[in-house]
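Dropping the structures in below, format is structure tokens.
Consider the two complexes below, in which subunit A is the common component and subunit B and subunit C are the respective partners.
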Partner chain A sequence: MITAAVQEREHYLNASYGIKSWLLTKDHKRIGLLYLATITLFFFLGGAFATLIRVELLTPQGDLVSSETYNKLFTMHGVAMVFFFLLPSIPATLGNFFLPMMIGARDLAFPRINLLSWYLLVIGGLFSLFAMLAGGVDTGWTFYTPYSTTYSNTWVIATALGIFIAGFSSILTGLNFIVTIHRMRAPGMTWFRMPLFVWSNYATSLIQVLGTPVLAVTIVLVFCERVFHIGIFDPALGGDPVLFQHLFWFYSHPAVYIMVLPGMGVISEVVSVYSRKPVFGYGFVAFSSVAIAVLGFLVWGHHLFVSTQSVYAGMVFSFLSYFVAIPSAIKVFNWTATLYKGSISFDTPMLYAFGFIGLFTIGGLTGLFVASLGIDVHVTDTYFVIAHFHYIMVGGTIMAYLAGLHYWWPKMTGRMYPEGWAKLSALVIFLGFNLTFFPQFILGYLGMPRRYHVYPPEFQVLHVLSTAGASVLAVGYLMPMIYFIWSVRYGKVATANPWGATGLEWKTPSPPPLHNFDEAPVVTHEAYDYSTVMGEVIEVG
Partner chain B sequence: MGKLPLFPEQASTFAPDVDHLLYFLLAVAVFFTVLIFGAIFYFAIRYRRRSEQELPRLVHTGIALEIVWSVIPFGLTMIMFTWGAAIFFRESRPPDDAIPIYVVGKQWMWKLQHMEGQREINELHVPMGRAIRLTMTSEDVIHSFFVPAFRTKQDVVPGRYSTTWWKPTKPGKYHLFCAEYCGTKHSGMIGWIYVMDPQDYQKWLSAGVQSGSMADNGQKLFQDLACSNCHKPDGSGRCPTLVGLFGKNVQLSDGRTVKADEAYIRESILQPTAKVVAGFQPVMPTFQGLVTEEGVLSLIEYVKSLGPQPAAGANTGVAPVPPSKNASEKR
Partner chain C sequence: MANHKEETLALREQFDTVEQQKDASTLGMWIFLITEIMFFGGMFLAYTIYRSSYPGIFAITSSSLNVYIGAANTVVLLCSSFTMVMAVRSAQLGRQKAIIFNLILTLILGFIFLGVKAYEWNEKFVEHHVPGPGFHFVGIAQQGPAQLFFSLYFAMTGLHALHMVVGVGILTWLIIKTRQGTFTAEYMTPVDVAGLYWHFVDIIWIFLFPLLYLIDRHLK
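Now for the complex of A and B:
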């Protein structure tokens, strides 16, 4: 019971009240929460579209919605999930909140620009939402030309404009992170003492800053052709439709790493804490993030193997794509090796991290299939590809996002989530995910094309399995939503460092004070030195 | 509902090749999945936390270990790359004796035409055991010609020709799908490939003759569009002769040379000024909008029939181009 006699400690949540104190805040922690609310909305919106898609696919005929509606559903699912959930997900929420704290900074380098980033995402989101409400868009999230520029009669420009604006949010966040990491590290926080979450966000920021402008340019070109009929992509106007694919994937392939690299950073933190051991091969894991960011820019052509791209270009892109496998494999092996002779506890974030490693392993290994020219010719534009990238984006990124949310929830809110329910959610999501997407590998190899409203009846059994899995998955995702909200009021009060973690963010009270630290931290140890946070110890291993 | 198939039918020479590569990849993937899952389970149980005071001793990073688990996967991926690239290379090189088929995709149907003149919509009849070469284009957006049982797929792009080929190995009826999203009825842009015994195919071909071979139609179009006024067979016209053109290298006025293939002829009809033959003036008007994609394909087939390379159909044993073609051109 809280008695009136106890003066509540001031922290970032109770330092000021009222809607203005949130909408005009320059505090990276509050902005992180604003992002959290925004992207959660888009996640459930995208999830609702996915639900309708899965229900429609229960039968081979098109019986729930029309073909027009079906095409809009998968397009809006992709747009909402990719541009307004996955891309901002970990960097803009957890990164925003914890990156400054993890390097001992009071805030990001440019707090006002940070707030602007959130407004840009919201404005971009509103444009896209408007397009969805006004009638939707049916081009697929990939906007391939000349369909998107000449043939589609839907809200292409409004949606594309929303993505264009949200892109600037991504660029500004990346810029802010890069400057913050370079300039605002606490005394003693050398580059090789930085937590791996910071390294992975650094690599992510490089892609955001270097890649997103290309997306912006591409959208402007689509705008010019669709609105002013300037021939760029449509051959009827003298353009080249495959040029669009090069431009689009020059951004959108690296964007996959914008989505997954921060997740890898979360997993490095979580695996270390719950094994109570430094991440095995710290330097290799850190540099593998940078390697992925750099190599990610050299492989876009593997989306174009059957596009009429030259045979030799296809071979070069296939060859280079395999190089990405190496830093990814290094990470998986090092996480696994971190467990060796550790002191492993099974708290919820760790369960999610195990789920991540397993699903990312499958997603990564099937990436080897689609990088192989002989296989990709058969499986590209089929459900095999859908399964592959959902294993990375949903099995990987969302598992990592949930691992991170659970791990840092006590710090963000000052409350513990209910452990039993949380463990159950991790299990339900893992099982539901596999039941949803594993059958899609088989469907794809059998030849089921993507984006089919109506399909041959021999594919039905696998579609039914997939839809069954999706219902389990939906329950799994609703659970954290409910108990997180519940915990804000009723959860057990969290201590400053409930997990025995070493990061600077755990050396300040939960929730953190307005300026993060009551005393400016000084770093004297490597990251993940657990002897510094424990009292009496029993040495094992 | 009912059956639960796991692998698609193998009905082309590529299908077993692609499947063998798949088995190799599956073996590698299963090995590493079991390795990682097994290691996680084993470590998680073996090293579970038994007391809150536990502090594991530091395990030092082994550079050798990092190198081993980078180099071994890299070696495996290079096998995957080479193997996959070899299949891809074969898929991109149709044999010379392949039977040509012409494909025009449009929202939302496949229009297919045999050299002999038979036209089909959303159906294609081909003989078993013969290589089939498809020359494809689109009238509107990008489509993709996908036959799962053959393990081949090729985008069909407006404004250019793409080609693919395969050799069916098993009689039967196989799905044809459009694999590149092309608008509202994308999932309705499907059809069937009928692989027939060669004798049945012959029968089918001769039963279905409608309006003359593609080359005949092309020749008629060549007259109707007044191409023949300038492209005279003896080279006396204002434009180069087309006799013996196909497959040869052409010297251009800007010094380049270009091989006279389907794409070159198509471009020369629709954008005549893009590549002007050395020694000629750019006097030819564009036929963009005056001739359909199918018309262009017929014109190409006509030019092919003027030699020198025998049109691929000539040695197919199925309705060779009549030798009278060159004679009729001399009118």
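Now for the complex of A and C:
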């Protein structure tokens, strides 16, 4: 009887049917799912390029692909993963879905702009896909001039245009979030009662709004230079190619924080719920997000230590880069302090969160290595750097993304995922990840340069380890893909609050009704006040 | 809850009150304008760096621009900002005919600006001052940096003109909507935020004019 009642209840998934009801939807929850489908596609596309890279690197000779093809592979891996998966990953899917619900709003402030931003991502994605299918692009995801403006004979313009368009998707999402957080909070939802996921998305949005336009204008200039032969970055005309690097990294360094800050927000939620304790030092964790966003804009020059940047500028950038460690460490210490004497349960999201904390710590600490001028000169453009940023982007962001996806899956779909398989996937991904990327630290330290497909035979053992790890990782990533789809039909029916969490999103049925709440919420407690959910029955299915 | 309320332009379903919606739209436009500042900022940075690298050549190349035409165009644009303010004020008072009258005036001034700009660009083609293989600036040895100045000139004024074209589109849409009677004294947010946009584009030109046209004027 109860099951029948659950099935008949109107919610956002069964309120209307048909392709049109999805493609023209203004519902932030449906748009979140559209994003989820889109970025999953790009994730597996980028993964396919990575697979080819790893297979090629099994042997020291370049025997699977030519060097030209290899250049295209790592470029397209980077473009697909960074611009069409990582940047939109958590904000555009989980943020879109849950940010309005967490502050008790019916939708984002601008639902039509929200839909537009999804279309922009799709159109940008199509441009880049076209470039990939038509023959690819070989500049590296960084598009350094003058190679990208003058010498490359590949599809630079189509790819750059795709990134330009997708950039506006990012800007509009950020704009929408900022206005929503400022103007749409439910009665009683003060700034310091907001869940930390909202704070971290707010900080992320600030970067999206302030940083992405600079990338956009940089791409415009590269476009003009390549098409109209104007000479902003052309040394033959007295222009400066390093100016491009400054402009590019002014966006692309903060962009790393666009990728990882929302992940930190997810971890704050998850660690708190499965320890059944409020996040230790809420205010510090909230402001550390904003601090990371601000500091992120002051450190771009550490990508230019071996360019023609002045050594004094290098010293300042190196010094400032260390400061990013402070808010990052505040977060890590506060999460672990939250665990202390908590009532910890090892559900899947928590396992992913543990993975995040460990891997992010390694990624963050090696970030200090590469922020040091002397060490960076030694490891610049080596696999050490590759390993470092994969620990942040893959070990950090994707772990957090999967933690969040598991945590909120019951709310999004109304179904539970299979806990056993999910725990296994967390384990497989953690092991596979470390096996893939830890050898790369050693490779890089020994001098293996990035972007080469031929290497001295003594590096082969480590490369084989890395490729073996990548295979394990691939299996790990396919598992959630399969059981999530399986669970939509066969998973146990989820209750409104299966984890006994405190957020407003759990105070409404799963899946949520069309306008999120049957009754407008009024907030009377701080975030993570578990005394408010004490009496609720925690049951699964 | 608002689920059962009819959605109107003046109050879309995600908002509780008209004030909340108006606040949100205005804040959204301000944030958009901040992104625009960052967007143009990249070019202003490039300009700053190259002008400080090649001060002499930038002064010479700048003096080839027609300062009287540029100044006249500045006046045109300032007037258009005034008529835009009048349109917003008329909207606040709910005077439909006055809105349309002022919007059309703004539109005309916008077209005059773009027309003059087109004339100036055409002059550059005639004088071989367009960056590319045909570029030649008479009287200086270093053609490269001279070309850099005109690269920046075209990129910056081109991007500004593109924003003007978008603005013209917005004005046209506003005129149509006003004729349909969409705007009232209670609901005139689109006129208001379009005004913000128009003024922003205006302000960009206020920076572009002295930076591009007046580099060496203080030397004379």
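Please note the rule applied: the second predicted complex is superposed on the first by the 527 of 541 C-alpha atoms of A that agree within 3 Å, B and C clash if a C-alpha of one lies under 4 Å from a C-alpha of the other, contacts with A are read in each partner's own complex, and residues count from 1 in each chain.
Just so it is clear, contacts are C-beta pairs under 8 Å (C-beta built on N, C-alpha and C of every residue); 3 or more make two chains touch, one makes a residue touch a chain.
Model, not experiment: these values are computed from the prediction.
Enquirer: Thinking of the overlay built on chain A, is A:236 touched by subunit B (first), by subunit C (second), by both, or by neither?
Expert: In the superposition, A:236 contacts both subunit B and subunit C.
Enquirer: Check whether A:514 is in contact with subunit B, with subunit C, with both or with neither, and answer first, second, both or neither.
Expert: A:514 contacts subunit C only, not subunit B.
Enquirer: One more residue to check, A:135. First (subunit B), second (subunit C), both or neither?
Expert: Touch status of A:135: no partner.
Enquirer: Touch check for A:188: first (subunit B), second (subunit C), both, or neither?
Expert: Neither partner.
Enquirer: So, does A:152 touch the first partner subunit B, the second partner subunit C, both, or neither?
Expert: After superposing on A, A:152 lies in contact with subunit B but is clear of subunit C.
Enquirer: Please indicate which partner A:179 is in contact with in the superposed arrangement: first for subunit B, second for subunit C, both, or neither.
Expert: Touch partner of A:179: subunit C, not subunit B.
Enquirer: Which partner, subunit B or subunit C, is in contact with more residues of subunit A?
Expert: B
Enquirer: After overlaying the two complexes on chain A, where does the subunit B footprint on subunit A coincide with the subunit C footprint?
Expert: 236, 240
Enquirer: Quick one: which bits of subunit B touch subunit A in the complex? Just the residue numbers, please.
Expert: Those residues of subunit B that touch subunit A are 1-8, 17-18, 21-22, 25, 28-29, 32-33, 36-37, 39-40, 43-44, 47-51, 53-59, 61, 65-66, 69-70, 73-74, 77-78, 80-81, 83-89, 91-92, 107, 140-142, 144, 146, 148-149, 151-155, 157-160, 162, 175, 177-188, 190.
Enquirer: Quick one: which bits of subunit A touch subunit C in the complex? Just the residue numbers, please.
Expert: By the definition above, subunit A touches subunit C via 105-111, 113, 171, 175-176, 178-180, 182-184, 209-214, 216-218, 220-221, 224, 228-232, 236-240, 243, 247, 514-515, 517-520.
Enquirer: Spell out the residues on subunit C that touch subunit A in their complex, using ranges where they run on.
Expert: 1-3, 12-15, 20, 23-24, 27-28, 31-32, 34-36, 38-43, 45-46, 49-50, 53-54, 131-133, 142, 144-145, 147-148, 150-152, 154-155, 159
Enquirer: Can you tell me which positions in subunit A touch subunit B when the two form their complex?
Expert: Subunit A reaches subunit B through residues 62, 67-68, 71, 138-140, 144, 146-147, 150-152, 234-236, 240-242, 275-278, 280-284, 305-308, 311, 314-315, 318-319, 322, 325-326, 329-330, 332-334, 336-337, 339-346, 354, 357-358, 361-362, 365-366, 368-369, 371-378, 380-382, 442, 445-447, 449-458, 460-462, 464, 530-531, 534-541.
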